[in-house]
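In order of appearance the chains are A, B, C and D, and numbering begins at 1 in each one.
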Amino acid sequence: MMAKQSLNKAACVRVLERMLVIRRFEEALVEMSGQKLFKSHYHLYIGQEATAATVVESLRSDDKLVTTHRNHGHVLARGADPGAAFAEILGRATGLNGGRGGTLHMSAPELGFLATSSVVGGCIGLALGGAFAQQRRGRGGVSVAFFGDGSLEEGISFESMNIAALWKLPAVFLCENNGAGATGSAKGGFPSSLIAAPRLAGIAESLAIASSQIDGRDVDAVHRAVSRGVASCRAGRGPVFIECITERWEGSKPMWPELSTGITDVALAWESERMPKKYRDWHVHQDPILLHIRKLLRKKLISRAAVLQLDRKVIARNAAARQFAIASPMPRGKTALDSVYA
Amino acid sequence: MKPMRKITYSQAFVEGLDYCMRKLPNFSLLGNEVMGLGPQRVHLETIWRNYPERVNFPPTSEAAFSALAAGAAMSGEHVFCHLGAASFSFLSMTSIANEAATAHYASGGKIKVPVVFHMLHGLRIGGGTQHSMSPQSMYWNVPGLQIVLPSCARDAKGLVATACLSDNPTVMFTHDLLIGMEGEVPEADYEIPFGKADIKRRGKDVTLVATSYMVQVSLAAAEILAAEGIDVEVLDPRTLVPFDKKALIKSVAKTGRLVVADESHLSCGVTAEIAAIVAEEAFHHLKAPILRVARPDVPTPFSRPLEDFVTPTADKIAAAVRRVMG
Amino acid sequence: MKPMRKITYSQAFVEGLDYCMRKLPNFSLLGNEVMGLGPQRVHLETIWRNYPERVNFPPTSEAAFSALAAGAAMSGEHVFCHLGAASFSFLSMTSIANEAATAHYASGGKIKVPVVFHMLHGLRIGGGTQHSMSPQSMYWNVPGLQIVLPSCARDAKGLVATACLSDNPTVMFTHDLLIGMEGEVPEADYEIPFGKADIKRRGKDVTLVATSYMVQVSLAAAEILAAEGIDVEVLDPRTLVPFDKKALIKSVAKTGRLVVADESHLSCGVTAEIAAIVAEEAFHHLKAPILRVARPDVPTPFSRPLEDFVTPTADKIAAAVRRVMG
Amino acid sequence: MMAKQSLNKAACVRVLERMLVIRRFEEALVEMSGQKLFKSHYHLYIGQEATAATVVESLRSDDKLVTTHRNHGHVLARGADPGAAFAEILGRATGLNGGRGGTLHMSAPELGFLATSSVVGGCIGLALGGAFAQQRRGRGGVSVAFFGDGSLEEGISFESMNIAALWKLPAVFLCENNGAGATGSAKGGFPSSLIAAPRLAGIAESLAIASSQIDGRDVDAVHRAVSRGVASCRAGRGPVFIECITERWEGSKPMWPELSTGITDVALAWESERMPKKYRDWHVHQDPILLHIRKLLRKKLISRAAVLQLDRKVIARNAAARQFAIASPMPRGKTALDSVYA
């Protein structure tokens, strides 16, 4: 596949739809957590949707992907069924992984995902293995590791980049740096990353890995960097490191996620006078969905009506998916002993 | 006499840490969220506030900050190093098992390593495969480490103090479900000596050895069984290293029956060792097979009914006790 | 019939690997010095020469290359990943125990992880604290892993083949002192099914369960004891996961006496689990306490007399057998 | 202590003496291994002596040091008793560590050494702890990690440098890069390092750590870099990374050390016509002892006679040390159970 530097109209709309799928899914999730439909700790992808939704545009069906504790967006962007995803988080038998993984370990192997690790840095080592397998297969497949800025604090990340560079493995190290604006743990929130590197990409560069650093909310920027990087990997030129920078979304700053910016109103993309003051910065500068809609409207790639219609379609499907999950049975207890070994 | 105040495990634990802060100027704390992510986490903030110079939040680099803790200990500091979920300690297994555990011995007794590696363990509802582990037996298999598992607020306060003041590397496990549990805790500072088991309930029919949160579950099981006329002795070793073999054998000599409850996986778990000690050294006292209640040998599933199925409960323990009663 | 050829464990092991190379085009090898640093290391060179594309020497980055092996396995490759001394596997404990062991289960059975983590274990004379470890019981405590310990050349060939062809993550231990040991090994390719214990010597008085190099030492002990009129049955489980409980209980039912020998440290070691299984499930067959011969709970000293003192030997095993004979 | 940029005469001679102490010790060791006086694998420092012998010139008695499997040179340079060091390697009760450590774990805590790890990279994490303790103590002490180029392949090295940089710990990361000229393991020798970084110092620099790269055989170069680096640490300016480059000594290329360049003849420093052709490169360009002697002679800081006399003194003391060790008793077996806990 050639690296296409810009997305055509259909692709732009596909990206928007994916972003909405993720957003509506996670908004519902916060509600479901409040309803105690599941009890575990969980992490939202809100604010980072532009990255996952765009990255998959550059991927082939035989490419490999690995994600983290913050996996919902990646798995959905790649096309996993939201009903099965909800069911997984609710621990239902119909879940993507039969309810055994839960929110921290959702994986869709049928879509190319390897195991989802919620051990920080773990996904990077596994993705290295995916890249190794792709190289051995010799058909130009790549392996994408999605990980956060904090993951670079783990030595395995450095080790993995070194091996990928030495062996010219087709690994895409996709760092989603949501560290900006994160509160520290001492202040009751999740810490931002603690890394002395003035530039994260500098670490990869010290290993002679081609790197780029882009605005992770900007669909076009993500696409340019990723399509170029993936093409380079496919051509056998070794790994690439791409840092997608976003500001940490308000609702992900505290220990437990909160829907602090409210349920997304896509019309705010053009009805700016209705924006609540408190989250003006989010609605104007951060929310990748609103940003993308505004750009599409400006470029006349979509109409307001079409946006609203697309959103309604996504919301309806999301509601059905949620219903499916809630109506799904729990697995029987004793099946816990099954499938320890293949 | 006025009744003793009740505080949570978390509060008691923090009091133990505070005592060490006051007692040892060269004592410091590494790591955040020592008491998990729940509401009890706030108690640590007293320590952060009172000893800001002696609290450090490291990057997510378990191998290095555990080695840092060990190396600082070798240089004369006392360090309490928190690792988060026990599964994260696998990232620093080399720093704990290869370095901290062996340094005193390999140096010919010249180097001391006063470091505590603290981690959260256990089935905690929804922890799934990577946030529910109980690797206490893996660490018990590493000589050179002391192993501590408090089972209640009172023990937490005294055991964390002894651990932090000790000159030896110690691995300490807090069960997630204990953190918010209240219990009577003396106001004064105290240390609980290592290697002294505590009989949490006296009984004559069956010895029930339990660790950590399983002590609480075993006490509940003992109540169920008492109603049936079975008188259970609940023995809490409190520390696995050093292990109070004498108390164990004395109890088994009295009851002739043994059930062991611990959340590590069955195979080579804590229950295996305690069973093996008795099968080796107190065999002639035994009137019945030794039964073990442990986590079955499967990774921990997320889904609630699945997780419940693998969780050792009072009912399962009671059933095992009934079986050894024949 | 002409006598069977004798080759070393190392040669046999390499034949097993070669068979897998021929059988599976998607099988490759990660890591050098699979057969240690001694003269037997050269046999691997056949593999390097014949399958240069399928042999990779990674940097000293155990965590990452173990994760690489696991991730490649999840992507359809079969990988044999060599870690060197078992203590180095502590650097990749997270990749083995948190990732490889849980992926199949957490994915709901969708992901397979056909990877073998191979390491050298055991007291090897002069290995000291960091090159002598035997952590087989630590891995036995991690569900999701298969555990394999060959005890002779013949088993090495068949077990490594089964391990590499298996769809499950496997941890395989080679004892340093077995590598150069010769034994009869069939020329043809073969696999040895997991979970089938092998009776290495039939006997009626005492069941002596032993693993890895301890099988050889136990056979020597059995000879000493035979001269004294004690008829020992030496049972080699060969794989700890899956474990052949049936063969164990059958043997104990026959002899009524059990001694277990394994080089992991005593506490929560392999000997503990085997003793506990019997104390739980075959108690009524037992005529005597279950004795364990293991490495005592001390780090491994370098100096020869100290190392000898902690090494399980034929004499120590024979003494334990005499004790259970009363 | 002020950073002195060049060594005075006495210091130059001290450095030479230390180098000779190490060299004579290890030459004897190869013989003793041949005599089967000890049976384990071991690693020699020959060729790298200029580094250890010089580094200690910048250290105070309260500084901390951590070394690796290749520790003999560091421990001896710091002043450990060669008799006790021999005894340790022979597993004698009189050994530095009572015979419990052996060649891979020699440590002299009384001289500031922490535990010696032969786990590659392990020493770096421990040294970080030493630096942490020094910072807490606040008396300007530093902590030096001696490690090889291969250690940078381990993630813990990266993690440790990050923490040191973040917290401005007084850690001296002293990388002895003996990778040049190392044969690969496939060729029956120890591998050189496998790292994609074009410059090792680039890794430290990506974390904003001040770095330098010098010729590890050159006493003056080592002293300039180390005295400056140590002074910077003492002043609270955070960690430094110093890469001392040497060619891997012939005798350390195979799996088991060999005395391939023969017993050192210090007179070759001036009697170049007697140099055996085969190892001309070693004797002319590599051997740090001959290089140092030549420089001292050139600068008239020592005479040929004094060199010979110093060497004879070292040889005699070394022989006595060796005798002491061989005559020392083995520890009694059952003491193996002692000192597991303090």
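In this text, a contact is a pair of C-beta atoms (placed from the backbone, for glycine too) under 8 Å apart; a residue touches a chain by one contact, two chains touch by 3 or more.
All values derive from a computational prediction rather than experimental measurement.
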Item to check | Pair joined by more contacting C-beta pairs (A-B or B-D) | outcome: B-D
Next on the checklist: If I average the CA coordinates per chain, which chain comes out farthest from subunit A?
Outcome noted: D
Checklist outcome for this item: When centres are defined as mean Cα positions, the distance from subunit C to subunit D in whole Å is 37
Checklist outcome for this item: Separation of the C-alpha centres, subunit B versus subunit D, in whole Å, is 42
Checklist entry - Roughly how far is subunit A from subunit D, going centre to centre by Cα mean, in whole Å? => result 48
Item to check | subunit C: positions in contact with at least two other chains | outcome: 58-59, 61, 63-64, 87-88, 91, 94, 98, 102, 105-106, 128-130, 143-144, 296-299, 301-302
Checklist entry - Tell me, which residues of subunit A touch at least two other chains? => result 95, 98-101, 105, 117, 119, 153-156, 159, 162, 166, 194-195, 340
Checklist entry - In their complex, what parts of subunit C are in touch with subunit D? => result 32-33, 37, 41, 45, 48, 57-64, 87-88, 91, 125-131, 296-299, 301-310
Checklist entry - Residues of subunit D touching subunit B in their complex? => result 64, 66, 95-101, 105, 107, 109-110, 114-117, 119, 122, 124-130, 132-134, 136-137, 143, 155-156, 159-160, 162-163, 166-167, 338-342
Checklist entry - Which of the residues in subunit A come into contact with subunit B in the complex? => result 38-41, 91-93, 95, 98-105, 117-121, 150-151, 153-156, 184-186, 191, 193-195, 255-256, 330-337, 340
Next on the checklist: Looking at the complex, which residues from subunit A come into contact with subunit D?
Outcome noted: 153-159, 161-162, 165-166, 194-198, 202-203, 205-209
Item to check | Residue numbers on subunit C that touch subunit B, as the complex places them | outcome: 63, 87-88, 90-91, 93-94, 97-98, 101-102, 105-106, 128-130, 135, 137-138, 140-144, 240-241, 243, 264-265, 267-273, 275-276, 278-281, 283-284, 286, 288-292, 296-299, 301-302
